[in-house]
Structures are given as C-alpha cells and as structure tokens.
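Two complexes are shown next, each including chain A; its partner changes from chain B in the first to chain C in the second.
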Partner chain A sequence: MFRVRPVLAIKKEKGADAGKQGVSPLNSYRRFFGSTTGLWGAKQGYFFILPCFLLLLLVLGFPTIMAVLNSFAPIWTTGLKNFTLNYYRRLLQDYIFWNTVLKTIYFVGGTVTLHLILGFCVAFVLNKEIRARRFFRVMAILPWTVPDVIAGLIWAWMYDPISGIVNDFLHRVGLVRSTIEWLATPTLVMPSVIIADTWRGYPFVMLVLLAGMQAIPKELYEAARVDGATWWQELCYITLPNLKRMIFIASILDIIWQTRRFGLIWVMTEGGPARATEVISVLAYKTYFKFFDFEYASAMSVAMAVFLFVIGLPYIRMMARRV
Partner chain B sequence: MARRVLVAWLVAGLTLGFAVAGLPKVKIVFSDWHLVEPHWEKALKEAIAQFMTENPDIEVELEYVSYAEKETKYMTAIEAGVGPDVMHLGPIEVSFALFASRGYFLDLTPFIKAEGPDFLSPWYPATIAAVTYNGRIYAMPGDFMSMFLMYNKRLFAEAGLDPEKPPTTWEEFLEYAKQLTRDRDGDGRIDTWGFGTVGKVDPGFQLRFTPLLYSFGADYLTPDYKCSALNTPSAKEAFKFWVELYTVHKVIPPGVTDMSPGKVREQFAAEKVAMILTSGWGPPIVKSIRPDVNWDEILGFAPVPVKAGLDPEYRTTAWLSYWAINRNTKHPDAAWKLVKFITSKAMEEKWFRDANVLSSRRDVTEVYEPILASPSARINAAELSRAKMVPLIPEWPRIIEAVNIAVQKGFLGVDPDLALSEAHALINEILAGYRVPGEACPGY
Partner chain C sequence: MRRKVSQVLTYFFLFGVVVFNIIPFYWMLITSFKTDAEAYAIPPTWWPMRPTLYEGYGKVLMWTNFPRHFLNSLIVSLGSAILSTLVGAFAGYGFSRFQFLGRSFLLGVLLASQMLPGVLLVGPYFKMLVKIKLYNTYLGLILAFTTLTLPFSAWMLTGFIDTVPHELDEAAMIDGCTRIHAFLKVVFPLITPGMVATLIFAFLLAWGDLLWVLCLTSTDSMATITLGLSRLVTQFRIIWPQLMAGSVIAAIPPMVLYLILQNYLVKGLTGGAVKG
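Take a look at the complex of A and B:
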C-alpha cells in the first residue's frame, strides 16, 4: 500500500526549500530585473512586448502610413511635393465608385445576415446532446478551413452553365429546363456569390455563437423547464438575451472581414458581369494593379479603412472597457 | 632541382585551377509566364542551359509567374527596388507605355548602339516602334502574331458546310455560325455552337473584339488619341453585330460574359464551339487539352472575315510581347547578353518549333521553312501585313475595360446603342488629359 501526498503540500515544501537557498526562478528574475511590481514592473512589460510592437509597426504601420500619404500625393515619384485633395474629390464625383459602395453594402449585408442565421442554427443544433456531435462539429468547421480563393474556384465550377453540377442537378430533378447562367446574369450573380461566401464563412459565426451558448448556465434552462417553458420561449428569453454580446462581436468582426473580402469574388467573377459584383476591394485592386492609378486606389482604400474604423468603434470601445 | 620545378609547376597549376573554378559567377533572374506552360517550360529550360554553357560566367535562375499577375508582381517588386533582371511581358499595350513612363525599364539604346548600325534591321519596324518610348528603346520585341479564325472541319462537314471554304465575310460567318449551332446528340437541347468568344473582363477580350472593329473599318480612338471613335456608324454597326451574335442569333454558348480565353479554348477542344478567333498559341493549346484527337486533320485556319463589300486596310490586330531589363538590375551586361540570346534568330526559330509562335524578326517569320510549311503559321504570318496594334498609351487598360463592359452589357440585354454610348462617354472622360481645356469631343 502507498500513500498519496497532496500535490499542494509537495509544492509548498519545494518552495520553502528554494526560498532558503535563494535560487528560485522568481528570485533570480528579481535580482536581474529588479521589482516586478509597481511602475518599473509595468515598464518591464512594455520592454518585453517591444519586439512584437516594432514588427507590427513595420508590417502594418508602414504600409498604412504610406497608403494614407499616397492618397494625397504620388509619393513614389515626387514625394509629398504635389500634395492634393484631388483624389478624394474625384472619389466623391466618381459614379463607378459609388456603384461599388452599393454593391459592397449588398454583398456585406447579404453575407453577414446569412452567416448569422446559418451560424446560429448550426450552433443551436450542435449545442444539443446529439449523436456524433464531435464529428458534426468538425464537419461544420471544415468550410472555414478552405481558403476563399479555392472556395471561389469550387463554386465557380459548380455554377458553370454547361458542365456545372448545380444546373445538372436542377435539370435532373426537373426544376428547370433552360440553362441558368448563374455567374453571367446580373440579377443572379450577386446572390450566387453570396451563397458561395455563406458556405465558406458561416463557421466563424457558428464557433463564436457556440462558445456563447456553452457559457450559458444550464441551470437557467432547467429552471425554465420546471416552469413549463417551451423551446421557443427558452430561445427567446434565455439563449438570445445571453448571446447578445456574442452576436454583436461576431457581427462587427464579420462586417469588417466581409467588406475586405476579395479573393472569392475575384476568382468567381472579377467584379463582373458589367460591374454587377464589383465591390470596393475589387475596384481598388483593379485601379492599383490593372490601371496603375496608385494614388486614386490609395484614396479608395483609405476611405474604406475609415468607414470600417467607424463601424468597428463600438467593438473597440467594448474591448477597451473590458481591459 | 627537378623536384623543385615540378612542385612549383604543381602549385602554379593548382592555383590557376582554383582561380578559374572559383571565378565569381554573375547570377541573374529570368522571369517568364511561359514557364508555367509545360511545352514552353521545356523549351526555355533548354535555351537557358545552352546560354549558360556559352556563358559560363553567368548563372540564370528561373522565376515562375502567372500570366494574369505578372504586371502586378513586377510592378510591386520594381517599386521596392528588387525584381527579376529580365522579364517577359505581353501584350504590349497593357504594360509597356506605363512601365516605361515610370522608368521601370533599363534603357537599352546604348547596348543596341554598341551592337552596330544594322543590329535592328531584321526586326519589323512596327515592333521596334512599339518598344520605343520618348525616342529611347526600352525592350526587345518578342512574339509577334496576328489574330485569325480557327475552325473545326469535322463540325463543318457534319453541319453540311464545305470544310475547305471558311467564311470570308461577316455575313457569311453568321450564316455558317447559325448552321453550326445545333443539337448533335439528339436530346432536344443545343449542345454545339457556331462561335466561341471571350466575354469576361479579361486581357484576351481585346484580341477577339479588335479584329471585328477593324474589319468593319472602325477604330477605338481618333488618330490623335484625344477622343473616342466609337460614335462612328461603322463602330456602331460592328458593336451591334457582335452583341447580336449572342442575344439575337444565339450562336455563342450560354454564359459568355463569364468566358475567359482558356474556357473558350476548352469549349473548342471539347467540340462545343466550331469557330474561334485565336493566334499561334491556339493550336498547341487545343492539342494539349485533348491529345487523343487527330487535330491536324480537324483544324482549319482562315483570315478574319470582313464586312461584305469592304476592303479595310486593317482587318485584324497583332499580339506583341517584349523582353525588358529591370532598372534595378545589378548586372546590366549579363542581362543584355541574355536578352540578345533569347531574341537571336536561332532562338526565335526554336520558339516556333517548340511553341508555334511567330517572331518579330522578319528573317524568321518570312523565311523560316517550317513556318512556311505550317497551315496556321502561314495564315498568321500573311495576316501580319493586315494587322494593326491598339493604341499604346498608358490609359489603354481603362479604355479597353470600358469597351469590354459595354459589350458585356450588350450581351446581357442592354440596348447596344446605350451600352456603346456609355463607353464612348467614359473613354472621352479618360482621355480628358489629352485635350486642351475647353476642347470637346463629338457626342454619340
């Protein structure tokens, strides 16, 4: 027979011995850096995050600053000598740009709404005690692991009017007789792209909401059931109110990411046909890399960044309050 | 004594040997979108190996790049002060004027002058003019080819058309296309179409649409490049004809606005379409898609049709690629050696043998026996005299996109006149910088 000593007791003994000898890691650290508390302690923290901060400044800050400067002057050729607001003025008068703003609202509105609905439904089901729940959770996350360019290619093949699986299926079940040009009809192309993006993007929202659902105390549901609440009442009075914060976070982040979405749209339609799916990111890319109009493209990108910053402000405030 | 001499010789020999072997090699980077195409990759690797054998002091590293993204990649790299030493770019109208005006390329004029006064004489003067900016030569011309009609003789015969009599006018072309559009497998649905073309916003669009415009006697811009010329009756007629091939006559397969050059070639190789506009690259790509088919018996080639009763000076457009040296190169002499080698007569002949492309060198395209013996290359070379290049101005990518979108709108059912008038107005807006204040362009 043997006796198990409590782990805590062993730790205490070791700590006491180390203290006697004065070689504990904490003591060594204190001797080297000084106090870990108070003002100096806080400064040490900054010292340790400095490399990371400098790296971020280099890879994020530098391009951002250059893009902002570039939106006012052709900095790559003449520096800031020809500083002007003309590119922003042009932006205000450019009907093609405003068309892309509307298309962006359509795309972001459609995808974020569907991400939320589908993400919530899947999270709701996966939060229940169902068979093979882990397997279904993995399956539900899989689309998120597919890069958006690959997802775009897959869906473009599926939508192909002649050899695509979507038309073939609809023909076989007798739903349609003529060929539907999913990516070549202006009224159909945006919904088609939104569906493709919904498949690829809903798992993020689903994960956030599932985490939120798992954090809701089970006692609330048990009490509600004792009181005779239906599943609908549980949903309306327990699940949704407790998920409000998570829905808010997921929505804000999704809006920001969807506004920046480029790869999927580019490989599926390149903004076409006839600008029907030309969102801001696509227009900015074309303006910069196809028309080589660097300053104007920078102005577009800066305008988009400002818009996204405003959208993200409530989220930033919320995070700041938590800290 | 003899031993000492022997040792001295040995030491001297070894020192010399090590010195030669250890000569610092100049390393240059060569970038070409063709490297991603297997037949081109093989040809280019063979050529580079030969170059390195002939120039043991130069080592060439290959850099693969996609056709669609090469301009983006080079531009970003050059702006950052790096990039490949030698680049292959094309079509010329997409990048040359803009890259040259921004000083991305090394000025080749001194190298060319050093080669002697006759160095450029083998090249077509138009191609040298195309790579000249502000009187300086910034690149060497590469492939130079005209667009022509490629058709499927088997589908012609099945539809009751004479495979040896391709259409010569657009009116005839339409009749042929209607006859070729049919249900071949008898399931009640059309599965073969008369004509396949690019409708997507794509660099390949202009190569297909421009021949039509020229062969109707029309043009994109006025000769001084100040205004759009899409308001002329011939331009309107050409535009309407093109759009109605899809909307009225339905001789183009569904989904045309999503069709890229690659997809169109796939449709042609799958015998879903009977006629396409292409150039030297067309036959080998189609053969590579379906190598089991005896394409040599099936493929037919003809000049681009013209409007009936018209004999326009130009009826097709030309494709020109070019080789340029990065302004950031640290080894301009080695890079020039490589460009000179790649554009030499022997190499240009090799490019035809391995990839079926014609050269911007007359001493290859006009006299090389295999070119004269090839049916597609014969048409290709003959049509160069009837080919005109699109305007080489920095605004060209935006101008052609405006036309591309107008055609898309037409395909999607917008009134062709309305779609073309929008493009006309937008192009005039783009070209505003070429006009003096107050100078206006004629309306639509």
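Take a look at the complex of A and C:
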C-alpha cells in the first residue's frame, strides 16, 4: 500500500528531521513554501488571520480608540482641541459614581459567591454515582439557557407584590403576613436581584466545575479510600486541589460577565429604587442615552474596561500561553 | 446505614435544586395560559382555571409587533453569527497551523477583546452609525453584534481546528493542493460540526442581547425580541399573560439549542473558549 509520508516540517519540531528528507530541489521547495514555521510559512499564517483582525480593527479597535479619546475631549463635536482630564477628575468626586461602584461590588460579589457555592455543590453531587444523572444534569443546566433579559422578566413577575408567586408562597407557608414589595424596597431589592441572577448564572459555573471534576483520575479516590480517608478529606486533599485551575477560570469569567451584566437588572429595576441597584453598566447607559453626557459616560466605561482587563489578565495569559 | 443516609441527603438536595430551577419556568408557562383577569387574581392561582391560548399567545402574536421582533432577532443574530463564523474559521486555521511571530500576543488580543464591556462601545457606535447612516438598520446591528461574536467564534474555532490532525492538510498538499485548497477541501468539511456549534453559540450571544439594540435602534419595527419584551414592561400597565407568552416563545430556541450543544461548549471551554 502506498503511504503518504509527511515531508513537510511539522509544527513545533522546527525542522528536526530536515536532514532525513534528502536535498532534491522539490523537497527544499516544499520545505520552504509548505512549512508552517519558517519565514514564508509563518507569513501564510498572517494571511489567514488577516480578515479577522481587519474586521476586529474596524468593529472593535476603532470604537475603542474613539471611546478612550472621547473620555478626554468631546471629539464628536470639536475634535481633540479641548483635551482635558476633567471627566476623570469629576469621576473621582462624583458620589453617584461611587455609589455605583459599591452597588457593583455588592452585585458582583453576591452573585459570584453564590454561583460558586451553589455551582460547586451541585457539580459535586452530580459527579457522584446517582440514578437518572442525565435528567438531573439537564435540569441543572436549564436556567442558564434562558437569555438574561427573559430571566429578569420572569423573576420580576414572580416578585410581584400582589399577584406574584413568591409572596403567595410565603403567605401559604405562613412565614409572612404582610405584602412584601421585593423590587420597591431599597434594602430588599439588591438581594432579590442577586437571587434572580444566581438562578440564571450558577449552572455555567456548575458545568465548568463538573468538567473539572470528571477529569480527576478515579485512581486518586480509590487510593484514598484504601488509606481510609473520609469524604471530607477526599474533598480537601483531592477534589479541591485538582480543581484549582477550573475554579480560577470560572471565577474570572464570572466576575467579568457579572460586572458587565445589564439586561437582567435593566428589565427588573432600571437601577432603582433610589439607585439601590444602579450598577456601573446601568449608570453608564443612563449617562449616555438619558443625559447625553458622552464624555463623562466614556470616562466611566474606560475605568470599567481597565478594571475588567486587570481582572482578566491572568486568564488571558494562562490561555494564550497554553494553546 | 451511613451510606443510606448520605444517599437520601443527596437526592433530597437534588430534588431541592430541581424545584428551584423549575419553578420560574413553571410560573412563566402557567401565566402564559391564564386570562388577563386571572393573572391578577388575589391570591394567585397555581394552575390556570380556564387555560386559554388566545389571551397570551394569540394576543401577543396578533396585537403587538412581536412577530416582527422575532424576525428582526433572527435576521440580525444569524447575520452576525454567519459573518463571524466564516471569518473566524480562517483565523482559527491560521492560529492552529502556523507559528508566526506574535501569535500568542494576537491570541491574547482576541481574548482581551472579549472582555471589553458593551457600554464602552455603544457610545462611539451610536455616533459612528448615525454619521454613516447605518443607525437603526440591520447592517448596523449586525456590525455591532460582530463585536460580541467574532472574538468568541475565532477563539472557539481555533480549538476545534486543533483537534484535526495537521498531517491531513500536509498529505493533501503533497498531493498537489495549495494551502488554501487544503483548508477548504480537507479541514473545512471536517470541522463542520464545530462550525455549526460555533455558529449557534454566536447566534445565541446576539439573541440574548439587550444593551446594543436599546442603543442602536429607534423605531419599534427595528426592535429585537428582547427589546420588544422589555418595552412591554415599561408600559403603563403590564399584561403579564402576553409578556410571559412572548417570553416562552423567545426562550424556546436558545433552550433547545443549548441543551443539544452543551457538551460542545464545555469542550470549547476546557480548551479555553467561552462567553456567555
């Protein structure tokens, strides 16, 4: 049988077997134009990624640069003439902005913590040998498949003080007698929104952690059991240490997504009542399109982008190096 | 004995989780079958007394602009998903097969661009689209959604193309193919499942978005499904059966698609790609 032998330099070997192929003109031609590492071969790579990066430059790069410039000067009207740092100075002194920062920390801290705890517990249980595992798995993922706007709408209706299911349930159980205004009470609204977001968001963390748990070799647990380890010891000395990387990835991605969360909060409260749920994306949106203060809103968004980038940097470095 | 107890506790916990996950769906479904009067009954009913399709589904489909919003969502999401999957496939091939200078850096740029917050971009987009007369058009929205979907698609497809052995394209090239033919004729057919998965995830990213449509459209005839539904809330009186019927219709496509494709996403993720 005729077998095709790869004569082209293979990725990462960097021409290690170059000597074996003989020096016919054809081979050296192929090694030069067909290789993936040499001077010409590498340039072909640029050809393939070019459309993607041109498009990215157009739809992402340019607007980003404009947003950054806009945070220093009203570029859309007078260009860069009135360059100033005043928008950032204003940011530092604006108590509404700092209220928003606190609310964002409250929201992101609350949701990410709950996502991690609930996600870990459910993944831990689903990783055991249980009956109807597929059924429970599908059930556990279900909320995440719903767009966050729809999740917000459903929960807003559940929290309805008079006809909502939450108050009705509490009445029937006998826990509460009064009518609780979940989304209209400044102290209650944030926990209510956090619960709604937890419902929608934790399955993603669960999926990541479950994938991580399934990748842990079974032999480790068997060995531990032979040595008489309790389930708690298994958890602390096998599961958690092996899951560190996945917990890290899930937390970073979740922090980034939760900081950017807009739709769910917007349909539930629009940031109210009394700015109690006004997270940064909501305030930035309002500053743009309710007050038309584009420069100030840009400064706010740039601050947010820098924060997200700093949070995301370890993830980016980890991923880009690995592939 | 202890084993039994732990088993009972396990199923008890799972049962609780299922109830917590299901109740909002249940509430959405039964409300969509209620009449308007029953939805406001005190105390609320846990099962529709006279289930009706007309009050929820009928009215939202006939009396509101909902079908148009559904169509808009479909056009805009599919447009940006197709664009970013095609462009992303080429980029994925480039990243997967070549060790060019700055490869890691550009991969990092790809990942970093997924972290840019939407609110940073909506301002410039609004001004730009108004200037080039694409504000409140499909094309403008498709370009805007590409900011969400393209970095994701390119990253995801890099992972998928990595799973195709590079010996295959090399064999094709020995048989006389050029690079581009090797990609189009050998690798392209092999990654079709991965491309379909990426296409669908990109589609869903765009489908669920609210911020961009809120900022880049002005007329109701250009609104997408999420915006249309959220506008029903801010109206003076919320007609919940209609709103929940609309939510059911809007939630079904992503639910079905996610459940079919969940394994793909986890694989893509353990390779590092995901956005949600």
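The rule is short, and it goes like this: the second predicted complex is superposed on the first by the 283 of 323 C-alpha atoms of A that agree within 3 Å, B and C clash if a C-alpha of one lies under 4 Å from a C-alpha of the other, contacts with A are read in each partner's own complex, and residues count from 1 in each chain.
The definition used in the following text is that a contact is a pair of C-beta atoms (placed from the backbone, for glycine too) under 8 Å apart; a residue touches a chain by one contact, two chains touch by 3 or more.
This one's a predicted model, so the numbers in the text were calculated from it and none came from an experiment.
Novice: So, on chain A, is it clash or fit between chain B and chain C?
Specialist: On the superposed model, which is not a single observed complex, chain B and chain C clash.
Novice: Which touches a greater number of chain A residues, chain B or chain C?
Specialist: C
Novice: Looking at the overlay, does A:Val208 come into contact with chain B only (first), chain C only (second), both, or neither?
Specialist: In the superposed model, A:Val208 contacts chain C only, not chain B.
Novice: According to the stated criteria, A:Pro161 is in contact with first (chain B), second (chain C), both, or neither; which is it?
Specialist: first
Novice: Look at A:Leu235 in the shared chain and tell me whether it touches chain B only, chain C only, both, or neither; answer first, second, both or neither.
Specialist: neither
Novice: Touching A:Trp76, do we find chain B (first), chain C (second), both, or neither?
Specialist: So A:Trp76 meets both chain B and chain C here.
Novice: Between chain B (first) and chain C (second), which, if any, makes contact with A:Leu188: first, second, both or neither?
Specialist: Neither partner.
Novice: Per the contact definition in the header, classify A:Gly271: touching chain B only (first), chain C only (second), both, or neither.
Specialist: The answer is first: A:Gly271 touches chain B but not chain C.
Novice: Based on the superposed arrangement, let me know which partner A:Phe292 touches: chain B (first), chain C (second), both, or neither?
Specialist: first
Novice: Of the two partner chains, chain B (first) and chain C (second), which one does A:Leu220 touch, if any: first, second, both, or neither?
Specialist: Touch partners of A:Leu220: none, neither chain B nor chain C.
Novice: Which region of chain B runs into chain C, 20-28, 74-82, 128-136 or 272-280, after the two models are superposed?
Specialist: The listed stretch with clashing C-alpha atoms is 74-82.
Novice: Between chain B and chain C, which residues of chain A are contacted by each of them?
Specialist: Overlap of chain B and chain C footprints on chain A: residues 76, 160, 162, 270, 289.
Novice: Under the definition above, what is the set of chain A residues touching chain C in their complex?
Specialist: 4, 6-8, 10-12, 30, 34, 36-37, 41-49, 51-53, 55-56, 59-60, 62-64, 66-67, 70, 76, 121-122, 125, 128, 130, 136, 138-151, 153-158, 160, 162-165, 168, 171-172, 199, 204, 207-208, 211-212, 215, 231, 249, 253, 256-257, 259-260, 262-263, 266-267, 270, 280-281, 284-285, 288-289, 294, 297-298, 300-302, 304-305, 308-309, 311-312, 315-317, 319-323
Novice: Help me check something: in the complex, which residues belonging to chain B touch chain A?
Specialist: These residues of chain B touch chain A: 71-72, 75, 79, 98, 102, 199-202, 253-258, 267, 272, 394, 397-398, 401, 405, 408-409, 411-412, 414.
Novice: Of all residues in chain C, which touch chain A in the complex?
Specialist: These residues of chain C touch chain A: 6, 10-11, 13-14, 17-18, 20-25, 27-28, 31, 39-44, 46, 87-88, 90-91, 93-95, 97-101, 103-113, 115-128, 143-144, 146-147, 150-151, 154, 158-159, 162, 166-167, 170-171, 173-175, 179, 183, 204, 207-211, 214-215, 226, 229-230, 233-234, 240, 243-244, 247, 250-251, 254-255, 257-259, 262, 265-266, 269-272, 274-276.
Novice: Where on chain A is chain B touching in the complex?
Specialist: My answer: residues 76-77, 160-162, 179, 181, 183-186, 269-275, 286, 289-292.
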